[in-house]
Structures are given as structure tokens and as C-alpha cells.
Amino acid sequence: MTTQPVRFYQVGSFAVGNRLLDDDGRTVQSDPNRTNSLDSGHRACQGCGEALGARYALDAAMRASQGRLVAVNATGCLEVFSTPYPETSWRIPWLHSLFGNAPAVATGVAAAMKAKGRPDVRVVAQAGDGGTVDIGFGCLSGMFERNDDVLFICYDNEAYMNTGVQRSGATPPAARTATTEAIGSVAGNPFGQGKDLPRIAMAHDVPYVATATVADLHDLEEKVERAMQVHGARYLHILVPCPLGWGSASSDTIRVARLAKETGLFPVFEAVDGKVTGVSPIRHRTPVEEYLSIQGRYAHLFGEHPRTDIISRIQAMADRNIATYGLLAEALADTDPKGVDV
Amino acid sequence: MERPFAITLDVGSSHANRTGSWRVERPIYVDRLPPCNDACPAGEDIQRWLYQAEPGDYEKAWRQLVEDNPFPAVMGRICYHPCETSCNRAQLDEAVGINAVERFLGDHAIERGWSLPAAGPDSGKRVLVVGAGPAGLSATYHLKRLGHSVSLVDSAPKLGGMMRYGIPAYRLPRAVLDAEIARIVALGVDVVLDRTVEDIRRERDEGGFDAVFLAVGAQLGRRVDIPAGDSSRILDAVSLLHQVADDDPPMLGRRVVVYGGGDTALDAARTARRLGATDAVIVYRRNRERMPAHGDELEEALDEGITVRWLSTVNRFEHDRLVLEKMRLDDEGFPQPTGEFEELGADSLVLALGQDTDLSLIDEAPNVAVDDGVVEVLPTMMTGESGVFAGGDAVPSPRTATVAIGHGKRAARGISAFLSGEELVVPVRHELASFDRINTWYYSDAPRTERPELERVRRQSTFDEVVEGLTEENALFEARRCLSCGNCFECDNCFGVCPDNAVIKLGPSQRYEFDYDFCKGCGICVTECPCGAIDMIPEQI
Amino acid sequence: MLRQIEGSRAVAETVALCRPEVVCAYPISPQTHIIEAIGAMVASGALAPCEFINVESEFAAMSVSIGASAAGARAYTATASQGLLFMIEAVYNAAGLGLPIVMTLANRAIGAPINIWNDHSDAMAVRDSGWIQLFAETNQEAADLHVQAFRLAEELSLPVMVCMDGFILTHAVERVDLPEQPQVDAYLPPYEPRQVLEPDDPVSIGAMVGPEAFEEVRYLAHLRQLDALERIPAMATEFEEVFGRPSGALVSPYRTEDAEIVVIALGSVLGTIKDAVDARREAGDRVGVLGITAFRPFPSDAVREALSRARSVVVVEKAFSIGFGGVLSTDVAMATHDTGCTLRTIVCGLGGRPITRRSLEEAFAAAAQDELDSLTFLDLDHEIVERERTRMTTTRRSGPSAENILRDIGTVASRMD
Amino acid sequence: MFQVRIHGRGGQGVVAAAEILSMAAFAEGRHAQAFPSFGSERMGAPVVSFCRIDDRPIRTHEPVMEPDALVVQDVTLIHQVELFAGLSTDAYVLVNTSRSFDELGLGEFFGGFHPDRLLTCPATELALEYLGRPLPNAVLLGGFAALTGQITLDAIGTAVRERFPGAVGDRNMAAAAAAFRFVTLEEEEMVHASTD
């Protein structure tokens, strides 16, 4: 019988699972035997994007490394909510040292494995945006420059959430935090130059750099898979909404992340050896208002006297991303589906 | 070696922390009524058989389908598919081509020679079914499955009723009709043809039947008194279609005018074209918006070159020309005469002004209440006369084959309950699965696969089938466009998106359950469920 | 094998014999020669398997060591002064996690004013970090202590810092009897971690510990350091059996048997002190010396024991707690509070100021006459101090003191004004 | 214990000189201790290094305050640093120059010293002749051996070859030997002069 690829409509290209696919074609998360690297019982807030992102990424890394994985963790929400004595939620070997040294500690683990002749054991380092773009930046740059065999994952929730939502180098303009209150002429975080870690990583010419969100599991898992196929310093930047810090509904965590991508505010792309090799295009272009208005941290932009001036500046940022990365290209989503043949 | 105190912790220890206690709302899985199922007059579980068709298990899908309707191939051709009209996907891109998939399954079953489920164990009860149209045949099928023996009586020489004598072959090839009827008869039915029942009570008592189902349809074409010359040729659409079905088409001439605005009028006009008429003109007293005929039927007719004189009535027929009076619609939308007249050349006039039911067979059954020419029935389809049931065009309802088939099923169940002296239990309907509960993101954008049509020219001159079916590929394609509104289809989203791993996957077709020990009640699963099969309810605190 | 060799080189070659698997390097005087030498040995393949990593900061150096040690590798690094302070957060962390890292500290002053020369301010700054701190008197001892340090660290799951005076020892070319590989292998068993990152047996290391257990964790670390008080002498004995020479101890007494005055000090200055003490003995003073090899854990009992017959103790320190006085003195005072002997502190050698035998002799003589102040700054130029004090009282914007003083002593050209 | 202080500038191998001297002493089975005056090493900066030689272990780590011998690798230093601090009149002094002490204007200063312990030696010229580079340190050690008799030329040779393996060592050794001969001749002349 002639077979033609039939795109999977009902289950969609974007759902976690797909009953018409055979097991190895499915996402790691659809597998009942997934590792659950970050296990139940952790103390993350309801709807925590970071908890979700961490399990997504590490489960995928576990599959890619056939379970030979060691994780290093910077101080932050993820560390605090996952390992309060006497309970740990990690099902994989895990080490927490300090806030600013996760990349270096991971380098040490990788070096140890190399010296001990254990090439099978792969090393992941993970930190929040503070531990990545701010206090851990020096160590991270060193790790990149030496091209140490570590996959560094930044779970970006755009502020210091663990300490009570203070501004970080990754906090976007106009966002309200505990240290950039929505008062005064410049309400919220002032517009700056930003600290584009993925680009900075690319400037180190490391073999693999990618961004992802918790809203597109397939994309995220494929990137982890690809990252694990290479050796050397690799960087994965995952946007993980924080209901508490962003003032969004706990049930909207994935929706918010999806909008960040669909507005163009968070470009999702992939770079090999310092060159952008692929972007995940916008499927339904969305104005930034739709993204901003469902987050309490931007509430001051709306209400009685909407700050259309600021909103349009933010829209301009989105438009610049769309232009820079070509985010409106022919939607790959439907040309690269979780398809099945009949 | 003993591990350092407190600094080093063992795997799995966090399970001691039952985060479920944080919850103020809990998610629960629900099943909702998909709009397609809700709209199907035959009561088909459309969503389920689409779901079964998706992996390519056509027999399973077909068997699911014929649970409710023994005529997939017929329905796939002549049903006006209200399911598609109500399909949620229409609000996303276009409705799922349910009817096309149904026809594919029906044809597939005929090719493979699949037979209907066998008759049920003999109940010892005998039921008389009068009329072998869609209602009668459907009732027969369901009665057989319930174990009753059936005598099926019809005045026509062949089974099928209006499916055969009212619907032209170019819409419903006879081979298809015969095949699906044969499957029912094969269940063991006592068929009596060319016999008209005159007195239902006598028939029942002499035949010793325990119950009767009247499905006599509406066979009498309505006539109106139109002044006409002797030579003028006037006939009604029902007879025209009937004679064509009997391969004894009447002479209509070159110019045929059809008077009426229903589907029958369109069938008559399109049939006239195929019988050789160069001009086939429909005269209708209202405008297009108020025309009862189904839209796509009209489209196909216009494609074939049929023309329509809107807002016109036939005043008189003078041997080779009609005098039409122009009408206008009043505020209530009723046509009012204008006193303006025009002429229209015509060799024959076909009246398609609706049909009436011949109820003479219940003259001796005074308990059977009749109103406006049709029989009054209870929800069980039983008439005022105990043990006498009725359905199809003979009862108040839209006169379509699908409705009739639904009547047949419901009547069969009513009769069965009556025979066993039980109360007919109608299953409770779930809440409707509305579009606003759908998370459309997860469904890829996909246009509907249109059924290819024969070249218009061929179609005009022959009775070949107008609309071809789907290939297997695009049937699957179409089936997979179903959103599975309101019912879990195991996409694993809830299992995947839970930050607390509080969803347990129970395995293929077992769906999932929540682990309330750890579910914090964040509600992400609810937001991200594509088909809206999860609700959030307050915790009892 | 006897060698006339630079102290740094001797330490580097000895560390290499200990088969470290991960070594981190970040340059800072005066430890740089050690790391350079190890790097060369790794590059030449003389030391293998070993990962030699040039990191971007001392903070990273200690962090990489933490990761390596937690992954079951024998980890080593070296630093000094500002470098130690820059890594101090990780220094505490390594001890808190109980990771047996060995680090050489080439003792050096801490700025400002920036100063690359030797004193003990850096070691004192991390005295409470939970590391074991051993002080070497000679390059021979510096080399030998590293062999013992790895074994001690790994037995107790505690990091060990071997302190050697910057330049004075690190850059001094002296006779050293270098250990042989078979000896080291016989003395130092392979590293068997108490906790390790292993996919086959996953654990979480570095959990967050609240009030309910933190004090216990700290107390347990304290007990492990107390265990070291038992293990250090035992290891020294075994060391002598294997290597045929005495090396390492909690304390090293010299002529204390009948001493009325006991001088206590850390590190290389002990040699000069011994010369001075011999001289005072000839002059009739009953002086002895007690070198402290193990500063942390502090050998209070051994100190009390050595001072049992002394009436007076003089602590010679290369560091002091500004606004208070001696640091080592405080520990000695605690250890001897019930012995009734008087305690005097001599602060000297800050920022590399030469400690001359002559000055020490004078101080000891004064001590013998009970004429030594309780806190003495050796060879302090009071005139310069007074001049700056005056300057500060007379003019508000008196300028930076360090530069003023340099101008006073004519080391830099005077300001054009 | 015999204590030596060597003065020069960064880049002239002042530290290496003390180190080689200590290695030479070690080669003769004696105890020795060499160390620099610790500064941030930069080309041209005044540098001092020290060496102690003894028959028993050397414990002290103080700088050499009262040297028994002074080696000046760079004559331009004589008016800058306190070059002769702590110097007793019994000390040996070896200065790298082709000029005499009188020509250097030091005749008066050294009046009370033993003339046979004072010597200038054109080490840089010898270095240029033998090594092709102005590195006077090894050369001066040859002179030092001849002047002080504290160490044999052979021991210097052993140390130089250990410090500079191969041809470089050989050439340095040749230069040192030349300096040794030069100093021996000067000494002999001085003896004749005094006996005449």
C-alpha cells in the first residue's frame, strides 16, 4: 500500500505524547519510565517553570547519556526547593557548592571523570539566571574559554526569585521586581543594553548554544539530545516562567512561556560553533501586550493610563528579534511534525 | 561507608514530603459530549469511531459506527451531516470531513465484505415493521440485534423506500444501497414486498405480532391546482424520481420547470438534466436565504447549469409556456403576490411542493393520534396505541434519512423495552464540549480534504456518482483532524507538563490518574489539556 | 634522594609523587613556581593521569577542586594572600562538604597596601574555615607535610592546607631529601571517598541544612579535627618508619626541657629563633622554643605540656588581629590560661620585614629580664609612625599613609608641590 | 658559616648565581642556602641574592646582614644602593668591571680592607668572549672560587652544568674557568708586588 506521511493532527505536533508513534519516536516525557530526575515532593511553588524545565532537560540528558549523568547545581530556588535536609528530590548524582561557581565545579567533575577514565559519565551544570549571567559569569566564561566538557543549563526566570524577586542582569525592561519597583518616572526595571548570554556564549565559539522554553518540549528535548552528542562546553538557555515573580497564574506557566516565544521577545534558536544554525519560527505572531498583560510584573503598564510608550518600546525589542533571527520564516512546526506514516 | 550527616542525602527521600496538602483546588478528568455526537440524528458516537480510524483500524471504527447506524456507505453519501455543521474544528480552520470518513469506512466495509453483528438470542417476540425505508430498515436491524424476529412489509417491489425511490442514483449508487440493505436482511428478516398494509390492527392481530413499527414515510407528492391546457405536461417530483428509479423515466421534453424549493426540487431538476433537458429551471416563491434545500446541494445544482427563478409562483400552464407571478416578501418573510406576471417556456412542469403520508392504514386504530398529517409519538416512539410505534417521515420531524435511521434505533429500543415490560432507560448526556475549552495550540493547522468531484459535463448527462470518496490516506488525514473535543485521547500532555510528576500514566487506552499525594493543584494540566478533558474543582477543606 | 633544590620545586615534585588527579592553577606570587613545575610534569607525561587546569581565578581554582574531589579524584591546588581571600567562600565550602582537598598556601601579606612579601595574615584569615592548617619550618618539612596532608585529609574527609612562608621557603634553594615514589605509594593509599558522585549509586551532596541539624554538622566537623590531633602524631611516626626521617608533628619543641621562657612561633622563623635561643642560652638565659606545626586543629594539650615548667611564654607572630593583638597568642593563652605563666607577644616580619637574629636576641633578653612589653612590634620605626600621626592630626587631607611613609624614608620622589 | 651577597640587576642572573653557588657547595657535600631578595622581578631593577655555606644545617632565614663576601655584577649600582652595608673589613669583594677600585673612586673606602680580598674582574667582557652574551654571573663564580677559596672550580663546574645542561653549560664553564685563571694571575701579581 502506498504510504504518505500524515501529519499528526489530533495529538498535534506540540503535545507531549502521541499514541500513533512508536516508543523511540516519542518524547522522553511521554515515557512512563522516564527518570524523573527531579522527583515528586520538591518544594517548588505551584506551577514552577524551573521545576518543569529541570525535569525536562535532565530526563532528556539522562536518556542521551544512558543514565550516566552527574549534575552540578548553583545556589538558587532549584537548589533550595529540591534539597532541604533531610529530603532530596534528585534521582541522579547531584552536587551543590556555591552560588557563583557551578561552571567551575562542573569542570572539576568532568576533569575527575577524565582523569579516572570514565568517558561514559557526562556532566551537566545548572543555575538560574542570577547564577549564570551575574555572579557565576566569570566561572562560566572560563568554562567556555577552556571548552570544558560540560553542558551548562541556565533556567532563566528573569530575576532573583529565591531571595524574593530582586532584579538580575536578566530582568527585562519595565519588569517590576523588589529592587526595581513600579514607581517613579522609570517604573520597573530601566531599559538597558541587556545581557544576552546565548550571544556571549557564541562569542566564545563553543560548539553548541541553544535557547528553549518549557512551552515546546519537543524542541527542548531535541536540543538537549543534540547538545549531549557533542563534547566540549555547551550552553542551553531555557526560559522558565515563575508564577510568583512574574505575577502570572500558576496554571499559565507554559502559556506565558509560549507567548514569550510567539511575541518574539524570547527568540528560540540554535547555534553551532558560534553560528546560528536554526530558529524555531513564530507560529501565530502575537503582539507583546498579550504577553505582558497577563503578568503582574507589568501591571503598571496597563490599567487606567496604559503606558503605550513603554509597550511600544518592548514591541520594538520583539520586532528587532524577529528581524535579527528571521522568526517569521515558513513555520517549521508543521513541516517537522511528530508525523506517522500510513 | 557511612555518608556524611545531613550534607549527603539519599535518592527518593523527598517522597516523604506530601505536597498534595498544599492544594486548594484539585484537577479531575472529565468526559464531555462532543458537538458532532450531540448533533447526529442517528445518535452515532462519531468521535469514537474517528479515534478508532486514526491508527488505521477501520474495521474497529466501522463496527463502532454500525453500533448505531447500519448504513455508513449510504449516510456517507446522502446525510446532510449536521455533525460537521456543529464541529468545533470549524472555528479553528474547517470542520472535520466526518461524512467523507464515514463514507470511506462504509465503502471499505463493502469491499472487505464485513457483515453486521449477528442477531441477538431469540426473545420469542415478533415485530411487524411496515415500510422498508431508512426508518424501517434501521428499526429492523436494531430489533434483530435485540433478539426479536421481524417481518418487514413494503408496498414497493424493492427495499429502501425513499433511499431508492426518492434519491437519484447519481447521489446514491444502487449497488451501495443494495449492499447495505442486504447485510441487514442477512440477519434473518422475513421480507414481504409489493404488499400494502391497509389495516394495521388487523395485520397485527392476524399475524400475531407483539408490536408494530409504522415507517410508511411520506410517499404522496403534494399537488396544487394549476390551470393548465390539456396538452400541458404536469407531474410530481416523487413520481418522477420513483419512475427513474424503476428505469421507466417519463418524457419531460427539452424545457423542464421544477416548482418548489426543497432538496426534492433540486433532485428533480438535476434528474431532468440527466434525462436530457437542456433547460432545467427551478421556480421558487421565496429567495435563496429562505430556501429549505441544503446549501451544497444547491451549489452542485447551479454548477450543473440549473437556473432558479426566485420570488415567483406558477400562475398557469398554457401548453408550451408557464405564466409566473412575481412575489415579494412581507415583513414576516412571507411571499405576497405583486400582480406582475412573466412567461417562461416549458415542455413540462414538475411539482416538488412537499410530500404527504398515506395514513389510511390507521383509520381503524383511533388511539393513534394524528396531527397535521403525521402521527404523534412519545419519546419511545410509541403512538397512542399500545404496542404500535411510528417513525421516519410519518412522525413530526425533519424529513431526512438520517433522522429516520435515528427513529428506527430509538423505536427498536422502545419496542424492546415495551416487550420486556421495562422502562426505557435513556442514558444521561454529558455536558457539551464547547470550543472555549479547547487549547488549539496543540493541533496543527490543516485544511479539510475536499472530496474530488466528477467533471460537471459527465455528471450532467449521466447518473454516475457525483461525489467521489476519499483515498485511504486522506481519510486518515481527515480523521486525524478531529480535536477529540471533551474526551481524553492520551496525548500525554498532563503527564508531561506536571511540575510535580503527580500524573500517573496507566498505559495504552487506560488514560491517566492524578497522584493527589503530590499534586499541588497548579492547574497547568487543565490549561494545557488540548481537548478540555480536565476540570478544576475546589478541595473540600 | 638528596637534592639542592628550590622549595617550590621540592613541593611540586613531592605533590606529583602523591599522584593528584586534578590540579588547578592560577598564578599568584609566591606560589607560582609550584604550579608551573606541576604543569610541566603533566605536560611531559611525568605526572599521569592528571588533569592540569588553568582556571580564571582562585575562586574557580578551589571550585574546580571541589568538583573534582566530590567526583572521587585526588585534588590539589596552591595559592597565597589575595588569592586565598578571593577563594575564601569556596574554602569554607570545601571544608563544609568535607572534601579532602590539599592546598599549599605560600604565606604572604594581604593588602592594602599591596605587598607580595611574606607574613601569616592570609593563613590567619581562614583559621576558622574548617581546614586543617599545617605550618612548615623548612623546605624539607614543607615537602614531607604534603605527603602526610593527602593521607590525613582523605582519612578524615577534611581539606588540609600546608602553609609555607612565601619567598623565604618557596624561593629558597636548600638541601631537601625528596621522597621516592615507592615510599609515597607505601605510605599513601588510593583515595577512597566517603561520598562520591556516582551514577550507579546516586546521592545528593550539598543539601540545604536548617537550624535543626546545622549545629550538629559543625560539631561533627569539630570532632573530626580533634581526631586529627590523634592522627597527626601517629602519621608522623609511620612517616618516619617509611621515609627514615622524622617529619611532621603537632608541635616541635627545642630545648624546652628546662626552659623558663618558651618562645612559640609558626613556620620558617623558627630557624632564626633557634639560633637566637642558642645565643641566649650561652648568655645564661634558660630559653626554649616550641614550634607549632598543626595550627588547626590547635594542639592545646601539647602546648600546655611543653610549657609545664615555663614561667613565661613569648609568642612570635607574623600576623596580628588589628585592634587587639596576637592571633596565635590568643590560642596559646586559651591553652595555658591555668598554667600561670605570663604571655608576651612579638609581632614581626609583617609584609616581609626581615626578622633578624639580633633583634630577636634583644627581645628574648628583655623577656628574661621581664622587661619585654606584653605586645611588641619588632623593629618598628616609631619615628616614622609619629611623623605620620602628627601629619594626620595637623592636616585633614593628609593623604595616603603608605605613600607618605615611603616618601619619608626616601624610597619615592617627593610630590611636586 | 660563610655568607655571600650578590648585587646586580634583573636579567643578569643574580638569583641564579646564588643558586649555582649553593649547588656547588652541595656538590661538595656542604650545606648551603641560596635565596633572593624577594621583589617583583623586572628587567633592570636592582636585585640582591644571598648564599650561605656551612658544614652543618643552616637554620636561619634572615637576610644576610653581614656578608663575608660581596659580589657586584653591575658596577653602576655602587653609587645607588647601600651596596656595602654590613660589610666588615675582613670581607671579600669582587666587582664586575675592567676598571680598578681607584678608578671607581672606591680606593679610599676600601682602605682598611685586605687588599688580597678585593678584586675587579671584567666578567662581562669574558662573558661576551665565551658566551656571546653579557651574562657575567657564572663567570664571576669562577672568580669567586679563585678569590675566596670557599669553593672549587670543579664544584662550580658541576653546578653550572646542572643548571645549564649542554653547550650553554660548557661555554659558561669555560668562561668561569677563564675568570678563575684571571683572578689567580691577579692574585699572584699582588703577592709578587707585596713581596717585592
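A, B, C and D are the chain letters, set down in written order, and residue numbers restart from 1 in every chain.
Here, contacts are C-beta pairs under 8 Å (C-beta built on N, C-alpha and C of every residue); 3 or more make two chains touch, one makes a residue touch a chain.
Since the structure is predicted, the reported quantities are computational estimates derived from the model, not experimental observations.
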item	value
Contact-richer chain pair [A-B vs B-C]	A-B
Chain whose Cα mean lies nearest the overall Cα mean	A
Distance-maximising chain from chain A - centres being C-alpha averages	D
Chain A and chain B: spacing of chain centres that average the CA atoms, whole Å	49
Approximate Å spacing (C-alpha centroids) for the pair chain A, chain D	67
Centre-to-centre distance between chain C and chain B (centres being mean Cα positions), rounded to whole Å	93
Whole-Å gap separating chain C and chain D, where each centre is the average of the chain's CA atoms	34
Contacts with two or more other chains, residues of chain B listed in rising order	6, 9-11
Residue numbers of chain C (touch at least two other chains)	97, 202-207, 209, 213
For chain A, residues that touch 2 or more chains besides their own	82-83, 85-86, 88, 90-91
Complex contact set, residues of chain C against chain B	96-98, 157, 192, 194-195, 202-207, 209, 213-214, 216-217, 220
List of chain C residues in touch with chain D within their complex	4, 6, 29-30, 116-118, 165-169, 171-175, 268-272, 274-275, 352, 354-358
Complex interface listing, chain A residues touching chain C	67-70, 72-73, 79-80, 82-86, 88, 90-98, 100-101, 104-117, 121, 138-139, 141-142, 145-146
Partner chain C, residues of chain D touching it in the complex	18-19, 22-23, 25-27, 31-36, 38, 40, 57-63, 65
Chain C-facing residues of chain B, complex	1-11
